[in-house]
Each structure stands twice: as C-alpha cells, then as structure tokens.
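Following: one structure in structure tokens, then a few remarks.
By letter and in written order, the chains are A, B, C, D, E, F, G, H, I, J, K and L; residue numbering begins at 1 in each of them.
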Amino acid sequence: MSESVYKIIEMVGSSPVSWEEATKNAVASAGMSLRDLRIAEVVTLDMKIDEGKPAAFRARVKLSFKLLSD
Amino acid sequence: MSESVYKIIEMVGSSPVSWEEATKNAVASAGMSLRDLRIAEVVTLDMKIDEGKPAAFRARVKLSFKLLSD
Amino acid sequence: MSESVYKIIEMVGSSPVSWEEATKNAVASAGMSLRDLRIAEVVTLDMKIDEGKPAAFRARVKLSFKLLSD
Amino acid sequence: MSESVYKIIEMVGSSPVSWEEATKNAVASAGMSLRDLRIAEVVTLDMKIDEGKPAAFRARVKLSFKLLSD
Amino acid sequence: MSESVYKIIEMVGSSPVSWEEATKNAVASAGMSLRDLRIAEVVTLDMKIDEGKPAAFRARVKLSFKLLSD
Amino acid sequence: MSESVYKIIEMVGSSPVSWEEATKNAVASAGMSLRDLRIAEVVTLDMKIDEGKPAAFRARVKLSFKLLSD
Amino acid sequence: MSESVYKIIEMVGSSPVSWEEATKNAVASAGMSLRDLRIAEVVTLDMKIDEGKPAAFRARVKLSFKLLSD
Amino acid sequence: MSESVYKIIEMVGSSPVSWEEATKNAVASAGMSLRDLRIAEVVTLDMKIDEGKPAAFRARVKLSFKLLSD
Amino acid sequence: MSESVYKIIEMVGSSPVSWEEATKNAVASAGMSLRDLRIAEVVTLDMKIDEGKPAAFRARVKLSFKLLSD
Amino acid sequence: MSESVYKIIEMVGSSPVSWEEATKNAVASAGMSLRDLRIAEVVTLDMKIDEGKPAAFRARVKLSFKLLSD
Amino acid sequence: MSESVYKIIEMVGSSPVSWEEATKNAVASAGMSLRDLRIAEVVTLDMKIDEGKPAAFRARVKLSFKLLSD
Amino acid sequence: MSESVYKIIEMVGSSPVSWEEATKNAVASAGMSLRDLRIAEVVTLDMKIDEGKPAAFRARVKLSFKLLSD
C-alpha cells in the first residue's frame, strides 16, 4: 500500500440547499472525468446573497484521487 | 465595475438547526440596516453544548456589502 | 467565575447525513465519559467518497469541558 | 438562546503598564457607545519603543457584543 | 501617547490600473466619513477577469484610525 | 446560478515591470487553453534578484474558471 | 536524551488579575494529576467582559510533559 | 463506516537518527496504552543542538485512533 | 527570464522508507506526463499506521513545472 | 518619510515576572548594539515550568529598527 | 549545487510610488553590505496614510542570500 | 535561568541525501561564527528537481542561540 500516489485538485461546488450538497455537486462534476476519488477536504465555505437573501451555499474543496494502485 | 468599494463586517449568527440557518440569521440581522450585501464568508463554526446535548450551531461570518455602485 | 479551568480534547465524528450530525456524534461519544462539555469548535470538515459517491461527512472538532467549578 | 446574533469589531488599545490594561482601555472606549460586550479576543500584541525604551503596550483585540437578545 | 485607542475596519477597493490605486480608492471612500486614518494593511489581493482579460485589481485592506488623541 | 461548479488551478506568472503584469501573464498563459476564467487570487508575491538588482516580479495566483453554466 | 517522548494537552486557565496568573492556574490544575510538566505554550488569550467591565483573563495553553525519561 | 468516531492526541517523539524514527518512537510510546492507531500527522519538526552538533531529531505529531468500530 | 510562467500541481507520494522517498515517488509519477519540473514543496507529512506499526510515510507536495521558456 | 528602510530581527526574552518584562529584556539586550528600535511585535508567548511551578515567562518578539533616516 | 547554504533576513522598504519600488528599496539598502542576494519574498504590504492621503507604500520582505557557493 | 535572551536567525541548508542532513548543514555553516546554538526549527522543506530527478533536499530552519547566560 505504501507506493500509492494521489493527485489533489481544487474545486468549488454550490447548492441552494446546503454545504453538504455543494460538496456533493463538486464531486459529481469531477466524477465525470476522474476515477478513484477518495476524500473531499473543505477549504472554505461561503454563502452568496442576492437582494438580501441567500442564493447559494458554496464549498471550496480539495479532492484527492488515486493515480497508482496499491 | 472596477471602481466599486466594499465594506466587510464580522458577525456571529446561531440556529438550533444548522450552520446554514445560523449564517442566514446573521445576514437577516445585518440586513435590517445594511444594503447591497453580496457574500457571507465563513470564518469559524462551532456548536454550543448544554447539559451534554447540542443547543445551538453558530457561524462566525464576514459579510461584504457594496458602498459605491459600479 | 474567573478561576474556572477547562480542558480541550480533539475528536473526529462522522455521519452519513451532515456535518452537524457528525459533530453531534463526536460529542455523544465524548459524553459517555466526560462531564461539563461546553463547546465543540470545528477544526476541519471533509467528506469521504466511496466508489465516486459520498459515504460519510466528517467533522474534526475541539471539545472544551470544565475541570473546576466557578 | 440559539437565535442570538453577535457583531464583532476590531480595536487597538494601549497602556504604559501592561497588555491587560491595554485590552481594558480598548473595551472602555468601545463601551462608551456599545452595549452587551461579551469577549475581547487578542489578535496581536506589540510594544512601542521610544529612544530604546518601552513607551506603550498595545493589544489588538476583537470585541463581540450582542445585537439580539436570547 | 500610550493611552490612544484605534478602531480597525475592513474594506475592499478596486481599480482598473493597480493594487496601489485599489488601496487608495478604499481609503478615499472611507475618508468621506472617517477621520484620523493611519494605516491600510493589505489582507488579500486579487484580479477580476472578464472575457479572459483583466477587468479590475482589488485590494482587501484593514484601515486603522484613531478614536482617542494621545 | 446556485448549481455552478468551478475548478481552481495554481500558476506563477512573472514580469520585469510589476506584480500586476505578472498576474496578467499567468492569466494569458492559462487563457490559451481554458475558458471562463473569473478570478485570479494572489497567493504569494516575490522578486527575483540578479547581481543585486531586480530581475523579475513574480505572482503565484489561484485561477478559478467555470466548468458548468448557471 | 534523544529517546524521550512528550505528550501535549490543551487547557484553558483564567484569572481576574492577568494572563500570567491564568496560565499558572491552568498548570496548577494539570499538576494535580500530571508529572514532569515542561512548557506551557500560549495558543490564544482573551478577556471575558461582564456588564461592560473585565471579569476574567483567560489563556488557552498547550502543556507538554514527559512520558519517558532520557 | 460513517458512524465511526476518532480521538486525536498530540505527542513529541525524538530520535538521534531521523524524523521518521522520531515519529515511530512517538507511536510506539502511545501504542503501549492505545489501540487502533491510524495516522500520525506531523505538526512541527525540529532538531536539538548540543555543543554545536545535532543531538536529537524531534517530531511533534497528532495521532488519531478509533474509539468506535464501523 | 522574467516572462516565464509556471503551473503548480498538488500530489501525495508514499514510501515505506522515508518522506524523502515519498517525495521522489510523487515526482516520478508526475514525471511520466509532465516536463520541466523544478521544485517539490512539502505541504504536509504524515505516517500511516497499520496494526500499531508504521506502514507508509506520505508527503503531500506542490510541484511546479515550467509552461513557457525564458 | 517614504524612503525609510527598516530591518527586523527575532529575539526571545524571558522574565520571572511577566511577558511584559520578558519583552523589555529582549529589547534591552538588542539595545546594547542596535539603534533606532521602533516596535517589538509578539510572535509567541510561553512559560517554562520547573518541578511543576512557573520558572520563566518567555516572549518571542520581532524587533524593527530603522536603517535609513526619513 | 546541493551543498549551498542561504541566510534569510527580514526588511521593510518604502516608496511613495508603489510596492515594487518599496521592495527594490529594501534590496538596495541590504545590497550595500550583502552579496549574492537571490530572492525577496513579500511577507506583508501596507500603505501609510497622512492627513487622509497615501504617504508611503511599504513592503515587508524576506531576502535570501547565499553564504556558501555551490 | 529566567533572564536569558536568545536571538533567532533563519537559514536554508541543502543536501543530496536527506532533510536531516540539510538541517545539519545549515547548523554547521552557522556554527562557524555563532556560539550557543540550541534548536533548529523547521519552517519549510522542499526538493529541487533537475531534469526530472531529485537534485537537493532543502530545509529552511530557524536557529536559536543564546546571547546571555543564565
């Protein structure tokens, strides 16, 4: 297991509902082209506001996925 | 658009339900006196505990709002 | 009140539903052996991914609890 | 208690004696116009030097005060 | 001099030309209502991009101004 | 708008003139292959020195660009 | 000496007088059950305010103590 | 797997040879009383110097171990 | 030299032996598809533990490689 | 005033009494050979413990002093 | 090349024009007594304000210069 | 012991073999002119790459040495 190599990419997902959904959306978009995703680490969270009301919860996350098998 | 100026204030909102609601509550309170809110950035999150059980989710956020139009 | 002393411990809770539930689970586990919990501060949040889909929301938190009464 | 909202402001107090007095001075100045102060968190501490000798201890603090009652 | 008290506010200025101008614009806007500004500390810098080209340099700054005289 | 997803990449641009030009050069290089760039956030700035004199201003920036439309 | 192992715990002490006393109080409480304390590193300092006046200086510290002898 | 709970403790190990050995020594000491160790995250590294020569490599690490099974 | 542009990617390499080997492994994997690598900056180091014993040293690194020649 | 240049050095002072005295002691030692000291910024504070009791308050500070006159 | 050793010093330069000039001024002052300067890394940027108008752009930088040849 | 004063300097050492050797080399170079070195704290680690292969491990360290005896 010790020879495995991971790559890490940074994405921002958003959702009108929650930061959990925003994180899932980032993973879903990355998942279209990437295999072997393992972890999404939260870097920052924010909420966009439109006309004084919440419009979108956004999560900036670091996604790690495996390049080499164990 | 390049001449716009924003001010940033820091608030703590709370909610018995979630950090998303806590953030909305901070914005709602600020919204009573402030116009042109744009973004609420999360600084820290915590949960108050009462008699060993969760009592409130709290979000410390930075709110940016526009002082000058584009 | 000024003579009170707190201890702080660091735990990771997880939940299939949300980071709020993950935080509650960390507190519940600590609560089995610890009294006088006051605050759970979020240190980091992440989401474990299994076969390209979210498997668990995890919250690393610092829990403070009182050692000496006021 | 969970619906309370706080605002946080940042100030620098100074004192010829100590950082504790510098922090108290920042609070005293804020207290002239602000109600319901709760906590002064230290952000940075420094000491001004004049002709090679200490002239003032300064504390940059974040003051939180309650906007809405519990 | 040791009894002086400062307040610190956070603003974002922007300019099509440079981060120096963006910082000056933040100060000019604050200057309309605030006296005794002393220092603008840079917190973050960024550049907005429009259709692949730079549209505005933005500087988030902390402005300190004196509340009490020496 | 809330369903949009962004990717973030990190680049270093340089210029003999200024950090603003260095940032523009990083964007211009990224722009050859990337669409929908939105923001270049400054991570670090430095200046290379050659024989005791400035040779290049360098800006390490994070570029965010949109993967999915609103 | 090179084989020694230390454990680090985090505590919050408080005092009506000073942050030095607050730190000593944290150590005194830890000292009831722990041997071989070496260093108390300050993590954060704050001051609790009661009815607009200082009520307690608090120091969050990391205490290191030796598990194995040299 | 999503219901598991971890505790995190902080230790300092040392070795005359390397930071890898220092980390192993911290784990070995913890391992005497703790089960289910998973990860040792490096917080800081330093080297003690004695009479101008290296005496010990030290690693401050955070050790996470499982409290509850999956 | 001042017009050169670099891209930075983040990877995790691992090794049963040392963090130096872990870093080399990350570079070797990146090197299969990337030219002009210059520097691997360490972001974090950790050690995976298996049944109470070290299983792999892992290094999270940022790799910079040149996009444009001088 | 705009052409002035400062140098910054880092020192650790200690005192049996307080962190204020520790900072003064660092300045006093630097003052033996350095002119034009302006500010001592606190980097970290700690307390050495001897046989379970406080032995010294230590302040790590950055001292800035002027190289060129205005 | 692998045996080279660098020393790093910290300085603050200022300029009425720009942070780039401020950085050059810091290097020019250091250059009077130091050889083999390589890089000036920006630590912080600020702008001094005089009577509500910008008086000086200041750059705090870390300068690295070579002690031993390759 | 409480009156001792330390100075801290920052250096970068390098080695073709390991970060431990790189740290030792920084100390050895400092040791030619400095007495009473106590600790080398690691600030950052990196690895220079030449033609796709590791050329040097580099350690940026802060060295503390005693100015005044106990």
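We adopt the following convention: a contact is a pair of C-beta atoms (placed from the backbone, for glycine too) under 8 Å apart; a residue touches a chain by one contact, two chains touch by 3 or more.
What you see is a predicted model; the values in this text were computed from it and never measured.
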Shortest chain-hopping distance from chain B out to chain L: 3
Partner chains shared by chain A and chain G (touch criterion as defined above): C
Lowest number of touching-chain links that must be crossed from chain D to chain H: 2
Remotest chain, chain C as reference, centres from CA atoms: K
Repeat of interface C-G, chosen from A-B, H-L or J-L - more than half of residue-number contact pairs shared: J-L
Copies chain C and chain G touch via same or different residues, half shared test: different
Where chain D and chain I are represented by their mean Cα positions, the distance between them in whole Å: 44
Whole-Å gap between the CA centroids of chain H and chain K: 38
Length of the line joining the C-alpha centres of chain A and chain C, rounded to whole Å: 22
Residues of chain J engaged with two or more neighbouring chains: 9-10, 18-19, 48, 57
Chain pairs that touch, as defined at the top of this document: A-B, A-C, A-F, A-I, B-C, B-D, B-E, C-G, C-H, D-E, D-G, D-J, E-F, E-K, F-I, F-K, G-H, G-J, H-I, H-L, I-L, J-K, J-L, K-L
Chain K partner contacts - residues on chain F that touch it in the complex: 17-19, 44-49, 52-54, 57
Partner chain G, residues of chain D touching it in the complex: 18-20, 23-24, 27, 31, 35, 37-42, 61
Complex contact set, residues of chain I against chain F: 1-10, 62, 64, 67-68
Touch list for chain D against partner chain E, complex: 9-16, 25-26, 29, 48, 50, 55-57, 60
